[in-house]
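Letters are used for the chains, namely A, B, C, D, E and F, taken in the order the chains are written, and counting of residues starts over at 1 for each.
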Amino acid sequence: MRILVANVNTTAAMTDAIAASARQVASPGTEIVGITPRFGADSCEGNFESYLAAIAVMDAVTRYPAPFDAVIQAGYGEHGREGLQELLDVPVVDITEAAASTAMYLGHKYSVVTTLDRTVPLIEDRLRLAGLDARCASVRASGLGVLELESDPERAVAAIVAQAREAVERDRAEVVCLGCGGMAELERAVSAATGVPIVDGVRAAVTVAESLVRLGLSTSKIRTYAAPRRKTVTGWPLNPT
Amino acid sequence: MRILVANVNTTAAMTDAIAASARQVASPGTEIVGITPRFGADSCEGNFESYLAAIAVMDAVTRYPAPFDAVIQAGYGEHGREGLQELLDVPVVDITEAAASTAMYLGHKYSVVTTLDRTVPLIEDRLRLAGLDARCASVRASGLGVLELESDPERAVAAIVAQAREAVERDRAEVVCLGCGGMAELERAVSAATGVPIVDGVRAAVTVAESLVRLGLSTSKIRTYAAPRRKTVTGWPLNPT
Amino acid sequence: MRILVANVNTTAAMTDAIAASARQVASPGTEIVGITPRFGADSCEGNFESYLAAIAVMDAVTRYPAPFDAVIQAGYGEHGREGLQELLDVPVVDITEAAASTAMYLGHKYSVVTTLDRTVPLIEDRLRLAGLDARCASVRASGLGVLELESDPERAVAAIVAQAREAVERDRAEVVCLGCGGMAELERAVSAATGVPIVDGVRAAVTVAESLVRLGLSTSKIRTYAAPRRKTVTGWPLNPT
Amino acid sequence: MRILVANVNTTAAMTDAIAASARQVASPGTEIVGITPRFGADSCEGNFESYLAAIAVMDAVTRYPAPFDAVIQAGYGEHGREGLQELLDVPVVDITEAAASTAMYLGHKYSVVTTLDRTVPLIEDRLRLAGLDARCASVRASGLGVLELESDPERAVAAIVAQAREAVERDRAEVVCLGCGGMAELERAVSAATGVPIVDGVRAAVTVAESLVRLGLSTSKIRTYAAPRRKTVTGWPLNPT
Amino acid sequence: MRILVANVNTTAAMTDAIAASARQVASPGTEIVGITPRFGADSCEGNFESYLAAIAVMDAVTRYPAPFDAVIQAGYGEHGREGLQELLDVPVVDITEAAASTAMYLGHKYSVVTTLDRTVPLIEDRLRLAGLDARCASVRASGLGVLELESDPERAVAAIVAQAREAVERDRAEVVCLGCGGMAELERAVSAATGVPIVDGVRAAVTVAESLVRLGLSTSKIRTYAAPRRKTVTGWPLNPT
Amino acid sequence: MRILVANVNTTAAMTDAIAASARQVASPGTEIVGITPRFGADSCEGNFESYLAAIAVMDAVTRYPAPFDAVIQAGYGEHGREGLQELLDVPVVDITEAAASTAMYLGHKYSVVTTLDRTVPLIEDRLRLAGLDARCASVRASGLGVLELESDPERAVAAIVAQAREAVERDRAEVVCLGCGGMAELERAVSAATGVPIVDGVRAAVTVAESLVRLGLSTSKIRTYAAPRRKTVTGWPLNPT
């Protein structure tokens, strides 16, 4: 089974880190392929960048030259998953949703700890649209940008642990999701410091994608996610370079 | 005051029709400028096309060479408004939201009658995110595609009137919104046939945009819609042709 | 176009202030007429007073001797708008709703800062009934009574700014509505102090009322707001003096 | 214990019928006193009439010349209960709420069958504000006016039974509330015809009022329902005749 | 009228206290019979114990050798009420629900103060299922176990008063429910200290049960709570000793 | 990895069928062990039977004499999962939740088709508590009892297909969950007849359980699902035979 893990930003090192993390939980027969968009921001921290990423991920995935069995959109709280579902016949898994639905098996309420304050509403909105917000205790920001997570992992762990503790003690979360595609390596440290299960979206999404493939299930094509109608589409596939 | 009215598809004739309809309700001193995206689908009827339009509208609006006071995104149930709000300092008005909030002044419940069945969930989701769904009785599809509205207006009126009546009688709507950027010309006929107020999103949005400008109000820049952070964005502005 | 702006209390000086504020945003051709109820409390700060005002406003508006095009009910969180809608054929705009729906164009979440703690639940309930509460971050009280706003404007600004800041920082509001008919003059000062858009309900309502008139739209008469049935009504019109 | 049962309309015969029905379930030591407003409509079937009734009931109850232990507001879906709670120290029970909370002990979902279609939204709104709507399957209209219930009881039973059956079969209600102060006498017939428990609001409210008195509980006075502040109130008590 | 008051734990002294408290508000003709389960935990403070209690209460109630008119399940936030409703033809009243629906007559929002932090989610879930959560401001834990309430009443009062004050001041509750079957004796002290109405679930449930009997109402048997179908049930009645 | 799949009824043939179905999707290294309760009903079709099953499953699982890595509760809409979570350190997966969260990856809305009408509210309630109801279009009953599914598979398929079609066409579901532990064999036939993805809860739960184990995640023990406190528990373990 081949699973494409699509980073939402153009930072190839982050794609590699995400793919490496995904491989740690993939089943023996699963090939994980990291995909980096050809265009867009080097980190996604807002709606403009996220909308651009939505298109860039569709561009990258539909250009992929070989068959694949599932796609993971490895951006937390990002736009675009619905478009991919229309374009593809294989399952599409958003890490925001995979993390949330995994967390819901583990405790009564969960929280998300993400990067910047400005991305909190994006995550809240995606969870609401996904219908996975009823047991979300809070979405909290660590105050660190996406790229700072990698450049200063110690500070990242400290900032995330601080917010995870607040989530547990004040918001009554019993599980914490790491709200960024690039946080997987922090999972163990945050778990040790807080004593609650920590869910990384990418890793959770790998197991979800494998599960859907194994169950022989894919996106329903009867209404919302039917393939686009035949029509004139100017400038697609995009040629942005 | 200059208001940009951005069509979400590449059909210039539809941009013209939308702009003409907008001008009918604009105040004397208001200049309405219709904007057609450089790329994208000739009609938006699904998520892929809508995500592409989101970017194409941001592209077209940010390329506009003169000052303007407000932007109307003239697609019903489409993605993208949040991105425009980040990129601009002037108010951005989505016609889905303008129609709904206008309708809510006029009756206890409202319904939306749109084009194809597959676009119903997009509209429902946009209303839910906008927090304007609590008094939405239903979103109904006429079964006609976007471009069929113009090519066969008699059939369009009949199909929309049929669904509007169901909305009133079964779903208990007291007001009906026309759920497509290109339906404005049908307003009078549908109103006459159903006896309830009919709200066209583009016209409603013109009055909302003028109101915000007159009140001296624009998008809050403190969190969700702050300008994008300075960073490397590859391939933007797009060069898709 | 003539718009009646109905104060909900019997303090004529407050009617004048409200009408003056309304005139500042009214279009050139719009005449603003302030209306003061013949009976009721000199300030509305609770349910009893608000119910009395509901009737007093209906009394005052239906006694108005000349034609008019729209009515604004200039009480925040007050009862009565539904009754006016039954009695009139022209649009009726409640300032609580006008402020909220205007605020929703400007930010992801909004808060209301009102007068006394005891009026908070009235505002919450009106927003809930109006279906405009989903994006309301909080309703906060400044602790000042309605009439204190005018008698001590400096203290009023300070108290409102303090709560507006809490709304932004703790409740994550991005826009703040001034939750009282008589707060319009504070708009600029509060905006300057907090850095977020401040919405005054009366001013917002003027633009909404003008918009509805310009769009040729008024209350749906098919169900909830149909004219009262013909029947015996004792003691109405009221003769309370 | 003395309980005032306040009719919301001016039809004295209906007050008598309501009071008689109330007496059938009152405890031995309980005196039921029927109260008829001095002014208002001879039946309440809309917002204007209901707002007028709100004031008329407050007027009638506060004029009552002897002590009493509780008040029942015997109008279904009517405005005003909150005002009475401010004016009084004894418990106030609204029959809409008493019926709903009683029905919720008896089945998974309940419906309300009321009089005219136009009153359905009033009842829905009151249940929503009361927080008693989550298990409400539907509010249905029999199509009969308030006064027709008494003038043609056979037709009334048939119309109510028809809607109650729809509520059970289509809306999945397991209990039905009679949505009008004057329907108590129909309880048995409707129950026999449908096979589900039928709740009359007035009778339910009598037991609730007695319960609150027996428990020594009354309205909390710390915030929402505190007594009105001391201030100038013109024209109250009303002198409408 | 005979009402069975079923304790959910095996501590007979607590059954006695509950029954004594129930008798204080029971009507003259009402016999209160305390029931202690034959098996289960000596206090219920979690799901396992609560599920066991659900069965133990069904066991105890169905073994009761004489006729009875209603059953009160005297555990706060416990499982099982729905099973009893299937097995019995008489009304079943859960004290969690009786307290909440009684509190809702008394103030705009109510809170619950219970024992241990771990039982908070159970109570929240029961209120949510019961559709009585919309006006619940908070469920707070005093930190004391069920059996500590009796062993150290002074400390219990202090801990509960502290949380009740927080509920009123921070969560804006106007009424407080005592969230445990064994708290009835604390009612007066907590009320005196906080100035808000305090609702004890057992006492409230007695008046609800009497009310339902007096109204001639019992559980609807048409769907959810129909008697179990005839089938093979191994090991029931249980013989756990 | 060893996963216990606990049937909720005492019909051993059904346990075997469930386990066989589970094995079809289990990974190579996974051992599926079917567990049949020692007591309870031969089919669970209501609250009494479900509460009994909750205890019987806890009894059976805690008696299992060897180590295991996860437990699947293979009853649809049944009580008890929360109790197992307290008693165990390994993940517990309820098939109602596994089916719903799997379905949510596949379409905009999903429906459940279950057995008898009387079990619909149980499923609705479990989905609501699980916070997985926001995208549930409907829960529909085929009218067949649990044991009829096996005794007459052709009729079962026809009845389920009929309801699945209604779910898709009327309720707008895009995915259908088979709402009973014993329906797995019908999956292919129903999918072929309806054209939408069909989710069997047991199979979905196997992949979820494997995923959680692979991710090294288990139930959070800090609050709701902490191990029971040490205390006197009479009659447990149960000895019902």
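The rule is short, and it goes like this: a residue touches a chain if its C-beta (ideal position, glycine included) is under 8 Å from a C-beta of that chain, and two chains touch if they have at least 3 such contacts.
These numbers come from a predicted model, not from an experiment.
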Self-check item: Relative to subunit C, chain with the most remote C-alpha centre
Solution: F
Exercise. Please report how far subunit D has to rotate so that its Cα atoms sit on those of subunit F, a copy of the same sequence, as a value between 0 and 180° in steps of 5.
Key: 120
Quiz prompt | Farthest chain (mean CA position) relative to subunit B | solution = E
Self-check item: Copies subunit D and subunit C - interface residue numbers shared by over half, same or different
Solution: same
Exercise. Could you please state the distance in Å, as a whole number, between where the Cα atoms of subunit A are centred and where those of subunit E are centred?
Key: 44
Quiz item: In angstrom, rounded to a whole number, how far apart do the mean CA points of subunit A and subunit F lie?
Solution: 28
Quiz item: Could you say which residues in subunit C touch two or more other chains, in rising order?
Solution: 108, 120-121, 172, 223-225
Quiz item: Once bound in the complex, which stretches of subunit D touch subunit E?
Solution: 25, 27, 91, 93, 97, 101-102, 104-108, 130-135, 168, 172, 174-175, 195-197, 199, 203-204, 207-208, 210-212, 214-215, 217-220, 222-225
Quiz item: Can you name the residues of subunit F that touch subunit E in the complex?
Solution: 10, 38-43, 45-52, 54-56, 58, 79-80, 82-83, 85-87, 117-118, 120-122, 125, 128-129, 145, 223-226, 228-229, 231-236, 238-241
